[in-house]
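In the two complexes below, chain A is the common chain; its partner is chain B in one and chain C in the other.
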Partner chain A sequence: MTQIKKSLPYIIAVVGAFIAAGIFIAAIQYNPFEAYKTLITTSFRTPNGFIQTLMKWVPLTLTALAFTVPLSSGKYNIGAEGQFLAGAIGATTVGILLADLPPALLIPLVIIAGIITGALWGLISAWLLYQFNINEILSTVLLNFISFQLVDYVATGPWRDPSAGAPTTIAIGQNGYLPMLIKNPPLSIGVILMILVAIGIYFYTNKTTSGYELVATGANPRAAKVHGIDTRKMFLLSMVIGAAAAGLAGAMEVSGVQHRLIEGIHSNFATLGLIIGLISRGKNQAVPFVAFFIAVLEVGASAMQRTMMIPSQVVLIVEALIVIFILLSDLIKRRQK
Partner chain B sequence: MEQTTILQMHEVNKTFDKVKALDNVEFELKSNEILGLLGGNGAGKTTLMNVLYGLYKMDSGSIILNGKPITIPSPKDAIAHGIGMVHQHFLQINNYTVLDNIILGTSVSRPWTADRKKEKAAIEELCKRFGLEIDLDAYIETLPLGVRQKVEILKALYRGVNILILDEPTTNLIPQEVDALFETLKIMVKEGLSIVFITHKLREVLHICDRISVLREGKNVVSLTRKDASDEMLVRAMVGEGMDLQKSVIFSESSKKIITTKRETVLQLENVSLVNSDKINVLSDISFEIGAGEILGIAGVAGNGQRDLAEVVMGIQTATSGTIKFMNEDITQSSTKENISRGFVYIPEDRLADGFLHKASVAYNLILGYHNLPPYSNKGIVNWKNVNAASREMIKKFTIKTTGPDDAGGNLSGGNIQRVMIARAFSQSSKLMVAHNPTRGLDIPSMDFVYKNIFEHAETGMATLLLSEDLDELLLISNRIAVMYRGKIVGILPREKFDKYAIGRMMSGYDQESK
Partner chain C sequence: MTGIETFLVEFLKLTFLSMVPFVLAGQGTMLGGRTGVFNVAQEGIMLTGASVGFLVGYTSGSVFVGAIAAMLVGGLFGLILAYFTTTLKMDQFVVGLALFFVGTGLSTLLPKLVLGITLTPPLIPTLKNIPVPLLSKIPVLGPILFNQNVLVYISVLLSILLWYLLFKTNLGLRLRSVGENPKAADSLGISVNRYRYLTTIIGGMLIGLAGAYLPMVYTGTFTELMTKGRGWIVIALTFFGGWSPLIILLGSIFFAGIEVLSYRMQVGGSVVPFQFLNMLPYIGTIIIMIFTFGKSRVPAFLGQNYDRERRTL
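And then the complex of A and B:
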């Protein structure tokens, strides 16, 4: 009973968002029922659709965790985009420079390079916060812009692939490609890595004393400090863990999907990650499930655009409305008290 | 003097969430009387008066003023009916003068100029009539709490009230100020006002009130005149049948086992000073020691550095100079975490900001600070089975009203949050307890329970640094009392030299300035 009562606001928010967006679809002269059928079923009708969904699921979960892990300690990491790109640059660099190493060495090196560069990119903001109390929202957002320029620099520099139209680097060494689970359509082992990371983060935040300190810090930093928790350290740690997750996503996008650094490789993963994090209300354990749902919508959206000519942005409207409705239900709950 | 009933409240009911705060309460006020509204925390005294003052809307019931039924939807209407209230926390503008604070929100005779001579004259007249000496041109922020309370009373008088409600007015006053307040109240009654005096302090009621009404758990227990009242029956009315008064710390003389023999020193402060981030000397040259099993009380008007003292001892702030020793070990630079592992426990004053995780579960709260220790965790892994078992035990032992360890902290009331902090502190076999206003917001049996626990732990050798604004509490359980004034210890009295008025004088800095 209480479980139903608890989940009721979510259900209303999701259904409400679909109804509201449905009215919008009808208003621009399309059939909302047909549109939603495509939106929801594309991921499950064909193997191709399902694998596409899984491939979206990986970066979406990781960039959402990049937002929710720091949020557990009460800090807002809006820089998953920059950390993702830093990870992608790190992975590409190692993949090109050490292209001749055997796979057993190169694959882990590429992935670890991505994790480390992503974490370092997050560490800049975390350190500014730790040392000078500089607002992490500002610093993470501003570092995103720097990362765009860095990608530009790497993709148009000496490693530029002259045959490509857009700024793109040459491919990393083949030995650095992530192994495939399925060859055609392609699905790398990235999905397994991502699941392991999500489980690891769940274990860390819910079962370890350090995770306890993280949650306590987020719940009331002053009380946590008074009871012996080094809250500034927890801020720093959570930002770096989140950034590392984003960096991993960037590395896997290079090593498992694109095999090179492309300008715009970050797609809209970080923005969707924020939305996923908000829909999950910052709960790390809810992130993979919400991310999967959003991945289904995203894959459905492109299909909808292809087959029915409905602009895929409609899905962004649905996603945004879900967030707004969930926040609204919080407000109503507070008012009732 | 002929006394007539001027105000009645009938069958007042008020429910918060699911808690019945007022249950068919009857209330009566006569002309020219001081009525003591007595009861422990959570008895519903303040709630009832907030209903009368228009701050809360009652679920059902009626209010009859001078024979006519009235409704009071807001404090503005209450004042229009001649009902005023002085709350525990004053609503004053710090950088305004006393005069400005008093006339704020009233209409003035010459609104287009800053000329307030007429108003000032009227207020000066009131001051003279009621024996309230105040400099009307002083700024609020420069005034001690006792004077600020007079401002609040003047505010009500200036608005022409004839019923004045005072909510725990003696809380932050030194004994001398309490006496002065009582004199004012007597004059006010002579001048034709009626006063409702909300308190949980028995002695005050017997001292000043003409009639006494006792509430308990939102219900009327008894109403009687002072002539008919006795200590014992009021105590019984306040605490109910469930409490064994003979075994209680508060009411029984025999159980006050205060150990006075000198034992080994646990905590020692030598010339500890602290300059805060605003470059203000908040602690200067503090020296004292506490022996094993000893309770050292720190008396002082709120805001004289008590909180900084507690935090310096706990390692939350680091002393600017001086040394702090624990069992002869220098711990001046120790972190809070290190101190906790040495066996320090802390009950902070500000439970909402410093003591409680609203957004986390009750279990999270009950192990805060001790989460690194067995049985709660082992090698960095939290043992939730043990945590939940221990939490359930604490919830039961300390009668915390909650659905269980997984309940959200935000669902707990103020008194229950205090119980969580108490439970957490007493769950450890500690060597030093720093307790700052540990019984604030607790009802009488719970207060007694806290004292018993302090004594029990003291018997095992725990030293206690008890910082409290409740002088009665300090006098009751301390072995020695140190008085703080403006960040200094102005004197330490052993138990045989305890004297309320002497301590009050030290608290007000009188001794300091006459030197």
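And then the complex of A and C:
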């Protein structure tokens, strides 16, 4: 009963956001009921739709964790985009350079390379924060813009695939492809890896001492410091863990989906990751569930644009409204106390 | 004039042309920050300003009307930010980030709704240069400083005006006191909320106009994500400028200089791959932050909401 009572404000917030966005959709001369039907059901009507949803679920969960883990210590990582791309670059580099290794070696190497380069990209911001007290929002965002240029450089360099239209590298060695769970439509084991990572992060933040210190830092940095927690180290650690998750997402997008580095491979994952993180109110354990819900909306949104000619950005308005309404519902709860 | 001289004149002229979005958005950020409201939605507000400025400019046939519309939308974002943070006391970063998303989404959605999905977006006429009589005839300095579009002049005058207002008037003193110690300001009968609303709304208007400058001067049309991180760089700029209008003006010239340099070097042909030249503004910003963060004086209550009913600050 209390569980229902506790989740009621969120349900009202989500429903409220859909109603408000529905009014907007009606105002721009489309049928909101038709639109929502497409939005919600596309993922569950066909196997293809469902697989597509799972494929989006993987990077969305990981980029959202890249935001919420640092947030657990009170830091804002807006750089999942750059960390994702750094991971994708690292994975591609290893996948191309060591293409001849057997799968048992190459697959782990590609994935680990992505995790490490992603973590290193995040470490730059974490170190700037640690050493010079530079606001992490700014440094992570600026590093995103740098990573776009880096991807363009790699994808148009010696590894460029001249037959592709957009800047794209040649494929990584086939031995580096993530094994498939389902052949057609394709779904790699990335989805299992992602679930393991999400569980691992939940376990770390909720069941270990270091994770407890991290959360304590976020809850009240001053109190944490008084009790002997090295808060600055916690900031650094949480940023790097988050960045590693984003790097993993980038590596799996290369190794499990695209098999090459493509300009724009990051899609809108990182932005959605932030939205998912905000809707989850920073709770790591809520992230996979919210991410699945957003993946459903995203798959529905592209179907909506295809069949009904409603710009897919409409769904961004739904998502932004959910964020705002959930923030408002927090507020109402605070007032009631 | 020799080759190097023409190059320098051209370089400086472009730098002053490119400083405008930095100046406008920088002063807008500074204004809100001076009363304690730390806006981090610049990138989104600028994008919406660019989108609305272009669309209204195109449909009304007047760039001026477009600029006004961009300011109004920017002001609306400021109002929302002020309401959520000052009245509802919600976290400034979270609200700012949410507004950044809304602004980014809105900026790409609006052109699709107004123009439909087109391959050839329409163009608006870009702002013309207005030579200042007599002054524009001065050799070297004339073409650099006094043959620019009207917003270049306005942004310089605005910076000087804001400096005067903040540091030489009673209003400015009260305004700054709200950001330094709202409790003390409140006890002196200064309405903390009114000042926070006022500065955040005016700040939003300036940031919206900064966005509209991009289609009005550079491209004549709106392209997705055309601000290219300028909104974020502006935040670094205000820290660099110590939240002080005149130093922000100088900083804007500097940041614009890096931007023009990275662009010029590509046109001029260089051995460094162009992608690395494109990184210059962002890398430059990070390096500047290393040297100025922590050293620059920040309003004491920057980013913190004020609740008069709370006992402790």
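FYI, the second predicted complex is superposed on the first by the 331 of 337 C-alpha atoms of A that agree within 3 Å, B and C clash if a C-alpha of one lies under 4 Å from a C-alpha of the other, contacts with A are read in each partner's own complex, and residues count from 1 in each chain.
Basically, a contact is a pair of C-beta atoms (placed from the backbone, for glycine too) under 8 Å apart; a residue touches a chain by one contact, two chains touch by 3 or more.
Everything numeric in this text was worked out from a predicted model, so none of it was measured.
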{"item": "Chain C versus chain B on the shared chain A, clash or fit after superposition", "value": "fit"}
{"item": "Which superposed partner A:Pro311 touches (first chain B, second chain C, both, neither)", "value": "second"}
{"item": "Touching partner for A:Ile195 - first (chain B), second (chain C), both, neither", "value": "neither"}
{"item": "First (chain B), second (chain C), both or neither touched by A:Ala223", "value": "first"}
{"item": "Degrees between the directions from chain A toward chain B and toward chain C, using C-alpha centres, nearest 10", "value": "70"}
{"item": "Partner chain(s) touched by A:Asn135 [first = chain B, second = chain C, both, neither]", "value": "second"}
{"item": "Contacts of A:Ala20 with chain B and chain C, given as first, second, both or neither", "value": "neither"}
{"item": "Contact breadth on chain A, by residue count: chain C or chain B", "value": "C"}
{"item": "Touching partner for A:Asp152 - first (chain B), second (chain C), both, neither", "value": "second"}
{"item": "Lowest inter-chain C-alpha distance for chain C and chain B in the superposed arrangement, angstrom", "value": "6"}
{"item": "Set of chain A residues, in rising order, touched by both chain B and chain C", "value": "none"}
{"item": "Chain A residues touching chain C - in the complex, by the definition given at the top", "value": "28, 76, 78, 128, 132-135, 137-139, 141-146, 149-150, 152-153, 156, 271, 274-275, 278, 311, 313-314, 316-317, 319-320, 323-324, 327-328, 331"}
{"item": "List of chain B residues in touch with chain A within their complex", "value": "17, 311, 314, 316, 335-337, 339-340, 346, 348, 353-360, 364, 367-369, 371-372, 377, 380-382, 384, 409"}
{"item": "Contact set on chain C toward chain A in their complex", "value": "40, 43, 84, 88, 90, 93-95, 97-98, 101-102, 104-106, 108-109, 112-113, 117, 228-229, 232-233, 235-236, 239, 273, 275-276, 278-279, 282-283, 285-286, 289-290, 293-294"}
{"item": "Contact set on chain A toward chain B in their complex", "value": "207-213, 215-216, 218-220, 222-230, 337"}
